[in-house]
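Some notes on the structure that comes next.
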Amino acid sequence: MLESGFICICGLPGIGSVGKVAAEFIATSLQCSTIESFFSPGFPPQVMVSEGLANLMHGELMRPREREKLLILSGDAQPLEVLGMYALAGEILQSLKEKGITDVITLAAYVGESTEKVLGAATDPKCAAVLERCNIPVLKSGAVGGLNGLLAGLAPIYGLRGICLLGATSGSESVDLSAAINLLAAINELLNLDLDLSILEPAAEQQEEQAAADIDMNYR
Amino acid sequence: MLESGFICICGLPGIGSVGKVAAEFIATSLQCSTIESFFSPGFPPQVMVSEGLANLMHGELMRPREREKLLILSGDAQPLEVLGMYALAGEILQSLKEKGITDVITLAAYVGESTEKVLGAATDPKCAAVLERCNIPVLKSGAVGGLNGLLAGLAPIYGLRGICLLGATSGSESVDLSAAINLLAAINELLNLDLDLSILEPAAEQQEEQAAADIDMNYR
Amino acid sequence: MLESGFICICGLPGIGSVGKVAAEFIATSLQCSTIESFFSPGFPPQVMVSEGLANLMHGELMRPREREKLLILSGDAQPLEVLGMYALAGEILQSLKEKGITDVITLAAYVGESTEKVLGAATDPKCAAVLERCNIPVLKSGAVGGLNGLLAGLAPIYGLRGICLLGATSGSESVDLSAAINLLAAINELLNLDLDLSILEPAAEQQEEQAAADIDMNYR
Amino acid sequence: MLESGFICICGLPGIGSVGKVAAEFIATSLQCSTIESFFSPGFPPQVMVSEGLANLMHGELMRPREREKLLILSGDAQPLEVLGMYALAGEILQSLKEKGITDVITLAAYVGESTEKVLGAATDPKCAAVLERCNIPVLKSGAVGGLNGLLAGLAPIYGLRGICLLGATSGSESVDLSAAINLLAAINELLNLDLDLSILEPAAEQQEEQAAADIDMNYR
């Protein structure tokens, strides 16, 4: 079912940068180019400067070079206030609907006790069943906050289906690469994306060794 | 007077969940089904997930299976900010007015010293007199905050009458079943709802025994 | 000049309730009746209940029973947030303009070192000169915050003149009757209102004696 | 390139008042007069009083007496909230666009380790290259916050180019005159403004001596 739709994968900054790192890895792997920028008066009021070039905070909708029926959304930030989050999510979903998108998959973090590396949720029961058939267990009870929650939750109001894929993380690292890799492995299989995740693994292992060493330090 | 009108009973989450528990008990007892959902950019920006199904936070307007001229409103949350509360209350009242509602009864908590279990207030003197005739003493001086206050207070602007029924509570429990039962007993009599409250009483007694035991613990 | 205009005296709640107490005393003395209510989604989200009657927080524009070319504005509260203050002030000024008002005089508190009991400020130099001719010294440097500042400051945008009369107060009392009386004496003379302030003086004296007694207590 | 455009120099209050002091010095030196005032419901809700005259907080767009193709923008404050900042920046840029402005240069503070006295950034690469040719090194990595960031960052959305000039400051002084002078020297050269900065230098030296004396005090 999912493969026959026109899908947008969304990963905005959040806990452990899990969703943003995963979405941007997909965008790089599939050689995406920006097709639309989203600005919001709810974003932090600042320009980011890199090598002398000033850029207002924004979200970016990107299209893969070759693969059709797929878009990727990421961004610099989430709006600071609730009203701004709802407004931006609505603006993005309106644009996705006009482009023919049928399914919005958001990548986010799951902080809490879980024996699963990736958990899923969907706005309609059929989608939730598809997740389970693809070996993605569904979240029994919880909440998904911020833009990654709203983009999925508001999707039905725009006639779209919403799916959340949640990568389990301790929430203690500012960037949790392992959680992002777990999410990427799940969506790789779900959508047959042909991503090569082996590039990310050495960095993740190094991060884990570092974390282990840090913990070890605490006992000396 | 009240019985001849078209009444909406509202119980949104608040102190002790008194109003929400009461409204949802009525909705279950009268086998209500949802006829309208209310979304608000003021709600907490998150989707609630249950058994893999993701649902945006919302309010629900429900209709009893058999009883006519009655609607029930409850919801997942109150808007986080003042502007959102006023906006949502206005949207709900506009919808109620269009459906022919004449009286809005909100169920809320009363925290403060009171020898009465239930207190009432109304936006017009005749309604207040009806409450007293129905053995619901009126609040002499005070304020009712949040959506349960605004829905009653804004009602006259939409040509409706507003009534608040307040269940006295200590405010120390996250769910005060006894206060909810007191409210239900009052509205049961006020509107001849034929609710069977005996189902709730064992749970309330257990809660009280537990509370008494907790207090006892403090003295050991 | 001021006496030939159509004047609105505004006193909203603020420090020491100075402006509100003064405005409401004028309204009572001149037997005013309400001609317009102002609601704001920026007001605290609650209904005030008195003797069982529930009233949404609001501002009230009142007309004296006999005196022409004068209106009084007071209210239950100020909006909680800045945007709400500007919006409500604009709505009020628009309504005043439509009614033919030419001058908006706001009554407010002045907290700070001052040998004067009442200070004035105005949005145009001629008005400021009139104040000085009426023995109301002008504020050399400072700021007037909240609705009582905005209603005067925004007045020129609506083609009206704005005047602030500031009653010096320590800011330590929730109701500073003496400061309110000083303001009333000043405006009484400025507008020939024929107010009898002797009713208020015993209460103010009692308050001062009480304050003196309280201070005395601190040294024992 | 810059000299052939129609330029607006903006300096709103911010860290060390660096941008505001610099913009107001230019406005005074070039004998500017106000051509437009900007009000915002995001400004602090107060009127400023000076010698009895009450003025609502506002921004001012000014035109030099003789020099053409140049405007200066300064103001009393920045909006308190993010939404208000974006709204005011948009309103100002819309007005600048309608007046034919092509380049918006904002003057702001840079707090952080830097061996440079002035750093630059621009919204398009050609502008950034011009800065470097004029001996203004570009910021390698960082962010510019508040109105001085937004006015430059939002400029491209209005078809304008945005440039930030940042004066390095410790951020510990409420008014950092030396940083303002450094900014003025840079823009003086960049735009051939013929400003005489020697008037400001004695005051800056005095401030530095005072600061040195203060530091010395800490060691005694």
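In order of appearance the chains are A, B, C and D, and numbering begins at 1 in each one.
We take it that a contact is a pair of C-beta atoms (placed from the backbone, for glycine too) under 8 Å apart; a residue touches a chain by one contact, two chains touch by 3 or more.
Values in this document were obtained by computation on a predicted structure and should not be read as measured data.
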Steps needed, at fewest, to go from chain A to chain C via touching chains: 2
Of all other chains, the one whose Cα centre sits farthest from chain B: D
Self-contact between copies chain A and chain B, residue sets same or different by half: different
Inter-copy rotation, chain B to chain C, in degrees (Cα atoms; steps of 5): 90
Whole-Å gap separating chain C and chain D, where each centre is the average of the chain's CA atoms: 38
Touching two or more other chains - residue numbers and ranges from chain C: 83
Category of the chain touch graph - line, ring, star, complete, other: ring
Chain B residues touching chain A - in the complex, by the definition given at the top: 39, 41-57, 80-81, 83-84
Residues of chain D defined as touching chain A within the complex: 82-83, 85-87, 120-125, 128, 131-132, 138-147, 149-150, 152-154, 157, 162, 164
